[in-house]
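A short worksheet on the structure shown next.
To keep things simple, chains are lettered A, B, C, D, E and F as they appear, and every chain counts its residues starting from 1.
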Amino acid sequence: MERQFGSFVFLSQSPLLLPPSPENIGRLERLLLHVFFPISAVDAEAAATEAGSIMLRSVASALHFENPERSEEDCSREARRVMDIFLASIPRLKELLSLDAQAGFEGDPAARSVREVVLCYPALRTLVMHRTAHLLFQENIPLVPRMMNEVMHSRTGIDIHPGAKIGESFFIDHGTGVVIGETSVIGNHVKLYQGVTLGALSIPKKGCGVLLEGAKRHPTLEDNVTVYANATILGDITVGHDSIIASSAWIKDDIPPCSMVIMQRPDVKVRPLRMS
Amino acid sequence: MERQFGSFVFLSQSPLLLPPSPENIGRLERLLLHVFFPISAVDAEAAATEAGSIMLRSVASALHFENPERSEEDCSREARRVMDIFLASIPRLKELLSLDAQAGFEGDPAARSVREVVLCYPALRTLVMHRTAHLLFQENIPLVPRMMNEVMHSRTGIDIHPGAKIGESFFIDHGTGVVIGETSVIGNHVKLYQGVTLGALSIPKKGCGVLLEGAKRHPTLEDNVTVYANATILGDITVGHDSIIASSAWIKDDIPPCSMVIMQRPDVKVRPLRMS
Amino acid sequence: MERQFGSFVFLSQSPLLLPPSPENIGRLERLLLHVFFPISAVDAEAAATEAGSIMLRSVASALHFENPERSEEDCSREARRVMDIFLASIPRLKELLSLDAQAGFEGDPAARSVREVVLCYPALRTLVMHRTAHLLFQENIPLVPRMMNEVMHSRTGIDIHPGAKIGESFFIDHGTGVVIGETSVIGNHVKLYQGVTLGALSIPKKGCGVLLEGAKRHPTLEDNVTVYANATILGDITVGHDSIIASSAWIKDDIPPCSMVIMQRPDVKVRPLRMS
Amino acid sequence: MERQFGSFVFLSQSPLLLPPSPENIGRLERLLLHVFFPISAVDAEAAATEAGSIMLRSVASALHFENPERSEEDCSREARRVMDIFLASIPRLKELLSLDAQAGFEGDPAARSVREVVLCYPALRTLVMHRTAHLLFQENIPLVPRMMNEVMHSRTGIDIHPGAKIGESFFIDHGTGVVIGETSVIGNHVKLYQGVTLGALSIPKKGCGVLLEGAKRHPTLEDNVTVYANATILGDITVGHDSIIASSAWIKDDIPPCSMVIMQRPDVKVRPLRMS
Amino acid sequence: MERQFGSFVFLSQSPLLLPPSPENIGRLERLLLHVFFPISAVDAEAAATEAGSIMLRSVASALHFENPERSEEDCSREARRVMDIFLASIPRLKELLSLDAQAGFEGDPAARSVREVVLCYPALRTLVMHRTAHLLFQENIPLVPRMMNEVMHSRTGIDIHPGAKIGESFFIDHGTGVVIGETSVIGNHVKLYQGVTLGALSIPKKGCGVLLEGAKRHPTLEDNVTVYANATILGDITVGHDSIIASSAWIKDDIPPCSMVIMQRPDVKVRPLRMS
Amino acid sequence: MERQFGSFVFLSQSPLLLPPSPENIGRLERLLLHVFFPISAVDAEAAATEAGSIMLRSVASALHFENPERSEEDCSREARRVMDIFLASIPRLKELLSLDAQAGFEGDPAARSVREVVLCYPALRTLVMHRTAHLLFQENIPLVPRMMNEVMHSRTGIDIHPGAKIGESFFIDHGTGVVIGETSVIGNHVKLYQGVTLGALSIPKKGCGVLLEGAKRHPTLEDNVTVYANATILGDITVGHDSIIASSAWIKDDIPPCSMVIMQRPDVKVRPLRMS
């Protein structure tokens, strides 16, 4: 295993056997914001090449780290293929995110402008990363999309697994505590509030059952569904289009379209308080 | 549009048409902590001038960005006016935040000293930014107060809209998931726990109704109110002074003063579990 | 108080009367990850010495800041003693965290590998800091363990007081909004979901009662307990081993071993929605 | 010396007994560039307040560090006085630096525009700091002006002692290795090349003589003097106006006005080289 | 000049009228080192895309800043063209820099390996930037190549104007104070020591003469020339191949090939020193 | 080559095959300043452990990078041995550097205090790194000492090869352009000015001669020697104790003790200049 300096490859043993750098993954958020909400054409293009460069390095590292038996060349080729997919997808992603920003403006009475949504709303920042991470997830890239997911979870309290499929014009208000599981499917014009969980019914990995790889474990929300704060929707069920789910509701069964799901609130007793 | 270099104004076209820098907004937290909890007089003064400089630049950018038809001079003048208001308000804000720190110490049995509250408690960091952002909000500065709000939302999970009016000696324990809406009014000596929402009843912006600009959509909490974890208080209602709201309560109606609001907890059944 | 330059001690007055640096505390997370999940032996050792150096400085500062009457020498000696304890505890902590990572892999069907848990899961990052902070807490070090706690609370939304005792193979899924109070005791193989609170019943510090220093105010969870999302367990009670607590349950009483605690969910009414 | 927390002064012992922060001194260069060559009026004003804030903190620290017997209040008052002088001097400094930039453009055939001088030339960066440092030096501020001097020495290889008095329209080409001593006096329209020394004849501090405090030990260069590369001018002599000094010349005596100082170059012999 | 938000171009007025960012130019050094001396193929490719992204943004800014009448689209197109030239030139630049590293190893007896040259020698770092800057200079890009030049001048004390043409296998030992002027031409296998100047005879820009745009003002050094420390070579002269110039020599005339240029050193008198 | 996760060694292939990180080497300067000129005992100790940690990692990397056939364990063991030597040498290095600072104060009439020397003088910063790098050089550590050398060369323009042996109370004034070669030997109380070269006579590595490994190629300066600016001393000669070398002198022969070496300055002709 000779070390050829003439060709300036410093290392004959592969240095790719390190996981993707969390700092680099963290830089993607701001770069992608410049890509999708550009200040100018050249700014967008430069941000896209820089984001692509991080993607290239991170994806190749992740592939090699998880599959040390694959050659470095092979991992790089695969990474380049995925970077090209990302670059080709920018127009479509930009369109989707523009609709999300518009949905945010329309969905929050406190929003003064679409610009405020882009600059301030945690949901939009999270979607910028999620929609890109989902692309990588569909290409079976390990680690990187999950790291993108957790960077945003850490920064916004919104935890969207990169596997989740999300339609157009999606909005989450406030967002802290939202959890959207791996096999969730969300239609167009859906709106969630803080603390909403789209979760799985608990299935132990080990034990009497077998977790079917790729089995759908999380809900489907059809178009125009609104879910108020802290509602919990569990399992592979469907909430029909144009339905509204009350806050704190706990749902494990299909909901027909155009339903209003009201929760029988626990009684609240108000009694005078003797002050000490 | 001549470019006079002699006078060293590099650019004849306005460069202010960029939004305020998120990095600068993010630096405000630490600077304001030095302003309000100073290590020495000169440290406080230097931190105040630095915070003022960021405010000046950010506010001018925000005004010009949102109102491109206003002249740069006009935006700068307005920014300077607001910076002066901030500098003049420091003594009052310092007094308020000192009371908040004291309230934190008294409100949490686990707190060993007021210093621990200042150094460790997310609520205090958030209030340092909120009380300053509220000042800017009252002066109708766009974007900047909301960006300050979201910086702290991201760092602490506490989401206080800069429009919310908050009295003296306010405390939030833990704080993750707290949401305090734009037109909320909070009296003195109020204490909240994690996950509390002071929200609005949902009003679509578009549709059959019209959102009255400035309408009060969020609750009023009078003096000495305590709200336990995950309670939700919605709409323009009033919780009377010296009341206590149980955790997870869901309230849409006025509560008279000196009330204890108890929630009829859902029954919890405990049954033996056959171990597999 | 002469200023001897010959001995190159710049300052005769103690400069330690500053609180520990938040930036340094913040750097501990990444360093400890390298200590406990090393890339190589030398990387682990270098990270351990660097983490130890931050600990030394922070602990000495904290001791002197909180006890200005103690001499600097005394604070340094104490800090060195604690750093030695940390260094000696690394093998045991590494073993514990390895079990936690394994528990994360087994506990989440979406996890593809133990490496993904180490790289992506907020619970593991939080435990890396908590298990170290708990060590300092047991040695009565002020401020530093609480600052470590709040750094992770800010980054993950998981708030574990450094006083909490946690057994082997612990896992928290998603984690946002989890609160684990100071005197909580958690057995082996326990698993929590997002939004779970292990809290205290409210005891005012001032007033008719006296807060017993060191009194146990938070729950004990015995081995193999699972607590689903948003459940609230309050006071010095015991949840017996091998029990399961349903999501959103609200518990103030002891639960016998091998129990399934089911909550009578509030009725959810589904009615057709007339679309406007 | 009680520690009043109510007034939020954390420390009763003075924390100012630390030297000024080198990082802060280092940040001054960029800020001052924004002050004197502004992108917009608001940018200049914000940069000036930020630079002033650093100056305030650094000067107060330096005064207290060098004079521990002075009270902190006294040091702060003095620092504030100096900061006000700086702020009041900005228009005059801006004018001077504008002339320097113009001199750079006229003095270097390779310069394409005045903007290139401002963006690229080490001499201009150094003058931006020197002219400000000289102001502080004249107010007898210790350490800070010397630290500003050394920051630029490190970044450009140009070493101008803050005591040096420099007239209008000054330019240094390339600059590496230039040394300008403490009591140098430089007229208007002077131009130096790389490696020029304006030095002192060596006077031992200790020994048979006494170093007269404030004695002039370095040269005076009158208006319109040009000194070519690596020339050395030593002692309290005067180079008369409109003179030109050849490169590598070594001068210890007064030079009359309008002189051309030519150096008898050592003979250079060119002989054929037998190639091995 | 409408502000279309739908297309997410925030700003209708051009934001490019800012000079290239010095921070970005500064980052190029490390990136280019990764491009030309890569750790792995994917690392090199990612570094190249990131360097290209900085180049794209900087070049477009520089073009627009210096030519405000050119449209932004036009500047971007031109920047993209130049970036493509850079990317296409990487193999040739890599080959050249590999030869430079080899020349450094052979030229310094203290060098232990070619790797040490790449990691430690200021000359190599400077050439990595110079050879890239020269490419931009040849394409008539304003500002950016000069900024690259000055970044390295600041970091290494070696000042190579981007216009200078440099052949293969070039080496500079130590380097501090080296100045290589804009129209210098350097052959293959040339070696310089610290303090060498390849300068112009002074030509005032204004005055009785006219500076011929593009006139050659600096020396040509043919192949295999060695110039020892602090030698000064001035004007459009030629130093013939295989010549050696003694240290401190001062040369204004052509030197024939295969010459040894020796300087008649000034006499050095050694006399006994009476110790005081 | 199995990847054992249980033991948490991520990588079975050695990740050490990367060169030492330049960023880490760069951080050593400030840390070593804290070690040798401490603010307090605990600050010094923490800085020493952090510097030691960087040294450990860098030395191990350098050993493995230059000797890939050595096992990682072996490299780490060697690195630990060297770190221990460094830690044990701190008292002696501190004493030496204290004498250097005192020498700086006594050697420069412009220095107001020893503190100013420590805070501002490039020579002292360089010695802090050199004296440590020399220690590593003596232990035959590759790359790291040279990288430390070049970091300081870049920051101060002073280029001291780590092999150079330097006695007590050494001082360099200004320093830009100073070069001190690998086999130089410098006695006690020596003082140099800017631009001084202690160099080798040129010996081609390849060619008719053979470079004797370890041959002394650079000068010896005995005690109490002073060398003025830009003097050049070449080859394995000795400058006897208590000698003074004039500026710009060029010396290739032994100088007896107590000599004053004066250079016959080239004649300087002053002639009147006809102004155009």
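By our rule, contacts are C-beta pairs under 8 Å (C-beta built on N, C-alpha and C of every residue); 3 or more make two chains touch, one makes a residue touch a chain.
Here the structure is a predicted model, which is why all the values come from computation and not from measurement.
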Self-check item: Interchain contact steps from chain A to chain D (minimum; 1 if touching)
Solution: 2
Exercise. Could you tell me which chains make contact with chain A and chain F both?
Key: C, E
Practice problem: Match interface D-F to one of C-F, E-F or A-E, accepting only the pair for which over half of the contact pairs are the same residue numbers. | Solution: E-F
Exercise. Look at both sides of the chain E and chain F contact and report whether the same residue positions are involved, with over half shared, or different ones.
Key: different
Quiz item: Which integer distance in Å separates the CA centroid of chain B from that of chain D?
Solution: 45
Quiz item: How big is the gap, in whole Å, between where the Cα atoms of chain D centre and where those of chain E centre?
Solution: 27
Quiz prompt | For chain B, residues contacting two or more additional chains | solution = 10-11, 14-15, 18-19, 39, 115, 157, 176-177, 195, 230, 248, 265-266
Exercise. Under the touch definition given earlier, write down the residues of chain D that touch chain F in their complex.
Key: 18-19, 22, 65-66, 142-143, 146-147, 149-150, 153-154, 157, 159, 161, 163, 176-177, 179, 181-182, 195, 197, 199-200, 202-203, 205-206, 211, 217, 230, 232, 242-244, 246, 248-251, 255-256, 258-266, 276
Self-check item: Partner chain E, residues of chain D touching it in the complex
Solution: 39, 106-110, 112-113, 115-116, 119-122, 155-157, 174, 176-177, 194-195, 207-208, 226, 228-230, 247-248, 265-273, 275
Quiz item: For the complex, which residues does chain E have touching chain A?
Solution: 5-6, 8-11, 14-16, 36-43, 45-50, 52-54, 56-57, 60, 72-73, 75-76, 79-80, 94, 98, 114-115
